[in-house]
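Questions regarding the structure given below will be posed in turn.
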């Protein structure tokens, strides 16, 4: 009576190790990881992929993915990915980077990699703070946002303005696909997965640099429940960091999701 | 094969190509730039990878990534650029990857100048980045040696999964000498077990320099140290001149070593029985042979284009058994053989105190000759 | 036996190239040789010079304080190097570009109007080869034919058309003797 009627509707992707992650409860890193693993499995790329982990909360990402991985110095993942991709042009190479890693210490490397049109895919986690070190101000921290190093709230007069990374990189001719998505609800997560798929396809087709910025939550450092964190993301981050496509090379054929173009 | 008149920087670049270099990543900086420029044409011609990186940080991390794939890779730079690369060299050393780096040293500290110098001896031989690790350091004194040591560097890097630095200076980079280039080696097809390749069915490979558990990091460090012991046992290289009957010994490497050779010959013509030891591997340093020679000779003279950095290694080897004199020029100044000859004559002329540090004696003389600047 | 030659002049006078021709010739004759330029800020505007050391055994220093020979293609080079030449050495001066005679009496001096001679041959830029020809005629370094062979063997294809003129320049320079 039992077995034959059971249909698997949800299981661990093949690209995942059978390990619990070290991420905080409610953090969206797990969702982002899962989307990457699902996409690479669907594309049949799992065993041809080399990931580059950052310094930050995702420093141990290589523990959770079931394929080859290297761990980069802080901010240098795009450079390391360049070295790998140039040595192994047939491999699928991606970096997984947070906002401190990519938009602060590693801004030079990401801009240079994008401008070279480096055939790598970048998954960029924007959660408006340095998570691993305990929630300091990041380049992406919103005006007025309280962090452990902007205790009175980010004062743009003294601490400058947040960086809209996707918009910034979209101005570069080497970038073929630069979009922003969010992980705060199922609809947006589905859109994010599509974008990740497109980004990897862009790499496989040799069209240029690809990046998906993912608006993410950090309930622990934000001092919120996971549910409230998702609401905060929608109410505060999305207005500042609009979801949309900022650079889509004309060679890319795909179903355009709704949003800004 | 026929000799070619070839410039040091170009010779090293072509030697690397012939050693089966698959990828090169670099950033322009004088007096190394010709190496990068040469490869910017040569590598694409052979359908190999060349990237002019956005910075030395970018370059060393591209090398880091390329080394993870188990294929021959290198970078080159000059002093300030190599300082920027130290973070990467520490990570690469901890990840146990074979990487070749050429440092065409220039005068410093700071922006300094582009003249030949040996002032990065400590940075090169002590592991200039954070944490405790070693890298092999080879110091050529001629264009031919630069070619031979570049070829060797790739083999040693792979044998010991280590960074190998070819430590030159601007004058060797700019100098032309007749030299013979080695035949082309095919690009290696067998890939080491540890490499990340994205190969189906082989299982997951991870390369990282993190050992978050201190016991794991300590085990890594023990492994690194054990490998370094093998390097010390097997890879010491040096060249001796006129050592057999030497009563005095000059020690100098690279350009300072070959300048000293001229001075040693001139001193021999004057009847002074002096020999020259020219260390070729600066790390591992030829402690043993120097220790043996210290028994044989009456006194030693260390000649460097820096403030006495190798001098400390010589002092370790000599262990206060014999007096040591030091002669150095700094900041991109290159000594003449005549100057070194004077130092040899002074060494042979009189007993030398073993009380004072050789550097203090030298510095006192430098102040008299060139002013204190204070 | 070791000979050191410094070739010095303004940037653009072909001093580095002249040194390379000498180095190639020495290499082809089976000698040890080093060629080293002075490089740095003085490459722009000031004097451009190189040192060539030719020897029968492994060469130590590629630079020397007291060279056996100097080719001074302009006045600043004469001023800079006259005092440095080893006693008994040889100084070749480009009379076209200086306004004084050397003062040393313990060296051999060859004076020749290299620019004018080169112009007669057809190109003032061959003055460096005129100077080199004079050096070899006055010092036992290499046979003069060695330079001619080196020019033929090591000049790039697209520049071969200048070889004949350069050989002419060497020969004309070779007609001058130390006073």
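Letters are used for the chains, namely A, B and C, taken in the order the chains are written, and counting of residues starts over at 1 for each.
Assume contacts are C-beta pairs under 8 Å (C-beta built on N, C-alpha and C of every residue); 3 or more make two chains touch, one makes a residue touch a chain.
Small disclaimer: the values here were computed from a predicted structure and weren't measured.
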Item to check | Chain contact topology (line, ring, star, complete or other) | outcome: line
Checklist entry - Where centres are the averaged C-alpha coordinates, which chain has the largest centre distance to subunit B? => result A
Checklist entry - In terms of C-beta pairs in contact, which of A-B and B-C ranks higher? => result A-B
Checklist entry - At what distance in angstrom does the C-alpha mean of subunit C lie from that of subunit A? => result 64
Checklist outcome for this item: Between subunit A and subunit B, the Cα-mean centres are separated in Å by 41
Checklist outcome for this item: Note: subunit C sits from subunit B at a C-alpha centroid distance in Å of 34
Checklist entry - Which residues of subunit B touch subunit C in their complex? => result 3, 5, 31, 113-115, 170-171, 174-178, 255, 258-265, 334, 336-339
Item to check | subunit B-touching residues of subunit A, taken from the complex the two chains share | outcome: 47-50, 52-53, 59-60, 62, 65-73, 76, 79-88, 91-92, 108-109, 111-112, 116
Checklist entry - Once bound in the complex, which stretches of subunit B touch subunit A? => result 22-23, 25, 49, 51, 53-55, 57-69, 71, 73, 87-88, 91, 95, 196-201, 204-210, 212
Checklist entry - Can you name the residues of subunit C that touch subunit B in the complex? => result 20, 23-24, 27, 32-37, 39-40, 58-66, 154
